[in-house]
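Going by the order they are written in, the chains are A, B, C and D; count residues from 1 in each one.
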Amino acid sequence: MSVETQQTGGGRFPSWIGQYLRDHLLLAVIVVLFAVYPFLYDFLTGQFGLTAQMILPRTRTMLTILALGLFAMSFDFISGYTGYLSFGHAAFFGIGAYFVVLGHNGQLPVVPAETSFMLLLLIGALVAVIAAFLIGLISFRLSGVYFAMITLGIAEMMYVASNNWGFLTPGTSDPTEGVAAGSPTDVGFFEPMVGVPFVEALQVEIGPFGDESILGISVGDPQIVSYLAIGAVVLLCYLMMKRIIHSPFGRVMIAIRENEERAKAIGYNVFYYKMGAFMISAFFGAVAGALFVGYEGAIDPTNSFFFLVTGFALVAAIIGGLGTLAGPFFGYIFLEGVEEFLSREGSGGGLQPFLEQNLPGAILDTDIAGLTINEALSAFMTGHGDFYAGIIFIIFVLYVPIGMLGTLRNRYGTDSLAKYVSAGVEKRLPSSDGETAATGDDD
Amino acid sequence: MLRTNRLTKRFGGITATDEVTFELGDKLTSIIGPNGAGKTTFFNLLTGALTPTEGTVELKKDGGWVDITGMDTHETAQMGIHRSYQITNVFPTTSVLENVRVAAQAHGSNSVRFWRNVNNFDEHYEEAYGILDRVGLADKAEVPAENLSHGEKRQLEVGIALAGDPDVLLLDEPNAGVSSEDIDAVKAIIEDVATDHAVLLVEHNMDIVMDVSERIVVLNQGAVIADDKPENIQGDPDVQEAYLGGYEAGDLEARRQDTAASQGSGTEPDGGGLA
Amino acid sequence: MIDALTPLALAETVDLLTSPSDITGVLIEGLAKGSLYLMIAVGLTLIFGLMDVINFAHGAFTMYGAYIAGVAVLALGVGSMGFIGSLGTFLIIMIVVFVLLAVLGVIFEVTLIRKLYEYPTIFMILLTFGITITMEELMRMIVEFRDINNGQWDIGWDSPRQATLPSELGGTIEIGFLNFTGLQLMQILMGVGVVVGIWAFLNKTRYGLFVRAGVEDEEMAKALGIDINRTFTAVFAVGSGLAGMAGVMLMWDPLWDVNVPLALAVLLPAFVIVIVGGLGSFKGTVVASFLVGLIDALGTWAFQTGVITFTDIDQLMIFAILVVMLILRPRGLFGVKGQGDHG
Amino acid sequence: MSFLELEGVHTYYGESHILEGVDLHVDEGEVVALLGRNGVGKTTTMRSIMQLTPPADGSIRFQGEELVGKDTYEVADAGIGWIPEERRMFGRLSVEENLRASVPDTSAMGESLEFAYDTFPILRERNDQRAGDLSGGQQQMLAIARGLIGQNDILLVDEPSEGLAPQIVADVGEALLEASDSVSILLVEQKLGLALDLADRYYVMDHGKIIDQGDTAGVTAEDEQLRRYLSA
């Protein structure tokens, strides 16, 4: 992530890079901010202690956000841009994640044990593309709610299968427990290398026990190295998806979302474009799953194939802005931020540890209706981020349906793509039989 | 340019299009007819949105006739038949320019390119700007389509149909819902596009039909009942009968007296009509 | 692994087909399961058919029903008041839960859902999904705070069942080769009762007539003087109440756990039923409920007898039905063309 | 004060301006025809009265009471019945259920049904059939019956003869004639002869405005001026 930006001043690159960066100043600034975040976090928490810890998500949390945020972006790629709600998108996340683990453990035919992580990530993503092709063949005969439900149904079948299929976990007895890379002892340790394959200098090992330096610069903490390496891959994926959206192909996707009937009438075989978009989104969804497992080292059905994995991508997409690509990523930061702000003690900062340290005990122990403030906090806030996230989500659906980034772009941006929501609403408004209504009397 | 042979479409027991044999040439031709005459069904058969029960649709391509019966809408569009819609049917939140540009892009193979920025395909932008000039929307190029006035949306509707250089343009009530002040603008566009396209127009506004058409085809209950120059259509008794008839004045009075005389129950309708 | 038809499995299958008590056992369990599914799914169908609302919060209503009932039976000491007394109290609890959740449904309908009627269907999915997240987390807070599960998080809360289920219902009744538990009988009776009740509501009451008219043509119904918004509210109340009632029934059923994830666990099969039956079709929902119930029972039986060693084969089959149905008949068994197909 | 009165009614569908200031009135006991070509706003006028597409501007009063801003069901309760184009039966409901749903006062249910069946005996014969299975003419009878037993003071009838065979057209016409003995009617009808036979007065509409009006007594279906307004 930091590679491109930190070295722009060097003059070793052709001039178009400078031009590109000037054109995408905002993007560059955001990338730099993300790149320096772990250092900033360390610095700020060092300076301000719990205050900073309370507000800022930890680097560890940011690592999770990178993978899940990429997943939310891939969900938005198909759902936000073509309008087809991929309610079973978790299937691709799961495929990517499981493929890496099983591939590493040598349980997959053809794939030799201990195949390099980057290769597994790519092949797994291609497997997801094939799966998307098959699912799409069935599902794109339907639209609207039916499309959402059939994709959900297929993903749930995979979830049930991953919960029960003994093949997934030859070493342990219960597939619901999930599977860890390198867990059967005859397989070597899981040492995922992220970077350019076959170029030693451009690879780092990620994971809690990975490298402590990146590009020859020591940062002293494998977590930060993993964060930067995974972040670079996520950035690359984001740029690729963004490029596709701004290509002629991407414009057809948007045309389909806006008005599929008219897109057909002007000569597009929309089925091919929908399939293409679905397969591309599956690719990046699987990459997200692979990156997730790259750091975690293990995966289980509930955090891969389960419906709520898609559900929270959807929540993130709405809060961030459906059809803004980057919005869902920020939506995820927001979600996880709320979660961590209200997290339990022992898992980083948050509201309660902060208050406990900073408020006088007398206030915390004030008794209101048989409950002290501290008790109330621990009962009704700490660890219940989802409750507040849910309420925020409802407020967004009702009052800010185009999300944070959608609103920002509407207000300040030039190429706003996020306004279809308002149009969708308007389209429905005249009356349920707007068709004949639009021209009054008619045949 | 486009011809049909005994084109028929039945929905259950109703014949919406009844053995229509028709050829569209260079003359600006209008289709008119009372409610339910089957004009929109006929359009849908031509573009492939509906599959005919019987009969064929053929398009003149490079001097020969090509059978396009049963093709899908995107295929007929690729063949060169484009249409506008009676109900505004544009891409609402994209810019006016993009609405036309994406239509222009549909022809050729550039649309499958997903690795190059769309801004590198100048030809589509040039075509789109040209069309916006033609339909009088050049100064609205950056406005999202949903923010146009109704009249401007109708202009855009025609603009989208124009993109990709079609041979045949089917315009379905380009004036629908246009307020009185804006009608002239749309009329001028119809006359302009007819100079270099074969145009088939469905329209309710008789002033416009009589004014712009060189030929008028009258449909009633799915069948062609008249096909002539506008001046001959006006006042044609068959046409007036189709619009206003189907009932003999004084009939009710006569029946009422009958019923009163016989004291019977004359009101027992059986079957008939729309099933 | 799915050990397809090994010789053993073949033998077991033959056993099933030749053993009347096995067949009827599977049938009865299928009917009992189907009845439970029906109670959950019928509310979803009514709400969707009239209002085009895909209610993701429906499962949360069932979960609330189960918790409220669990607390109530323990607090009132059901089980220690004799069979009739226990059963009577249980039924009263059921009615109270119905009313409570119907009121909750009305509150949601009037304050939130009504705002989005004019929006595309997807917004309703988003809104009700938000409601379900919030409701689940709220219940989690309460459970944790009151220490209802005694600190056991993921483990089902089965003390209300163990402590209060009258032995008459838990035990097996044998009539000829019919073998069933009292609870199964009760569930089937409840299922039949719900079918008859809803059928009567739709076909014999004035409100039901309005509902059916509104399902077909909302605008025309309004133009005939029917206050369709009030009808919406009433239907949402009935649907929510039924979801809660199903939760009360689940609380005593050994096949289900009372816990927060129950919300999703019942919601997804209910969706399958509603779609397989045809979105908005009452008849379809009834048929699909029993179809899914039977397949569920068959899958469970196959696992228990070792024909198949795949634990959740029943769930897998339920979703497989959904997928196959959407491929073969996208509108479901009794779906009407155009119903629910909103872009 | 007129029975039903529209004054300067402007109505939009989205941004399309359909009614550009409609003024018309119907007196008690009158049958008034609203004539005009396709797409000039006749149906929209009726939908505006019903508040199905509420006007953006203008006033619609019924028996002195302002309707603009009310809910559609309140307009119906006030005594206005709408018999739309295409009839809009509840196709999966039986004939009798269609009728039952239209009677506002349940205590009058029995006599209302009797009245409907007496007026249209065919409906009694088919009372337990699905309305969707009726023929077009029978559906039109049912639609009119729905309007009649809804305790309405005025019926808005839109293209009642559309798509019907000539014999059936006359039957429908007769039904409307009978209905006009007990209620006022605002009628949209393309068959000029039928419209003139039924109506006491007429309005001609073009481009969302009333451009002509008069007594039907003074004109025939052969009237050149009218035919030019309404035909090719």
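Basically, contacts are C-beta pairs under 8 Å (C-beta built on N, C-alpha and C of every residue); 3 or more make two chains touch, one makes a residue touch a chain.
Keep in mind the model is a prediction, meaning the values are calculated, not measured.
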Shortest chain-hopping distance from chain C out to chain D: 1
Most distant chain from chain C by Cα centroid: B
Intercentroid distance (Cα basis), chain D paired with chain B, Å: 29
Approximate Å spacing (C-alpha centroids) for the pair chain A, chain B: 46
Centroid spacing, where centroids are CA-atom means, of chain A and chain D in whole angstrom: 56
Multi-chain contact sites of chain A, meaning residues that touch two or more partners: 426-427, 429, 431, 434, 438-443
Residues of chain B engaged with two or more neighbouring chains: 34-36, 88, 173, 176-177, 204
Chain C: positions in contact with at least two other chains: 219
Chain B to chain A touching residues, read off their complex: 33-40, 47, 49, 72-74, 77-78, 82-83, 85-94, 98, 101-103, 105-107, 110-119, 121, 124, 144, 146, 160, 163-164, 173, 176-177, 204
Residue ranges of chain A touching chain C (in the complex, touch as defined): 83, 85, 138, 141-146, 148-150, 152-154, 156-157, 160-161, 163-167, 260, 307-308, 311, 314-315, 318, 379-380, 384, 386-387, 389-391, 393-394, 397-398, 401, 424-425, 427-429, 431-433
Contact footprint of chain C on chain D as seen in their complex: 50, 52, 71-73, 75-77, 81-82, 84, 88, 90-93, 97, 100-102, 104, 106, 146, 150
Contacting residues of chain B [partner chain D, same complex]: 32, 34-36, 88, 149-150, 153, 173, 176-180, 204-206, 209, 216, 218, 233-234, 236, 239-240, 243-253, 255-256, 259, 265-275
Complex contact set, residues of chain C against chain D: 206, 209-210, 212-213, 216-217, 219-228
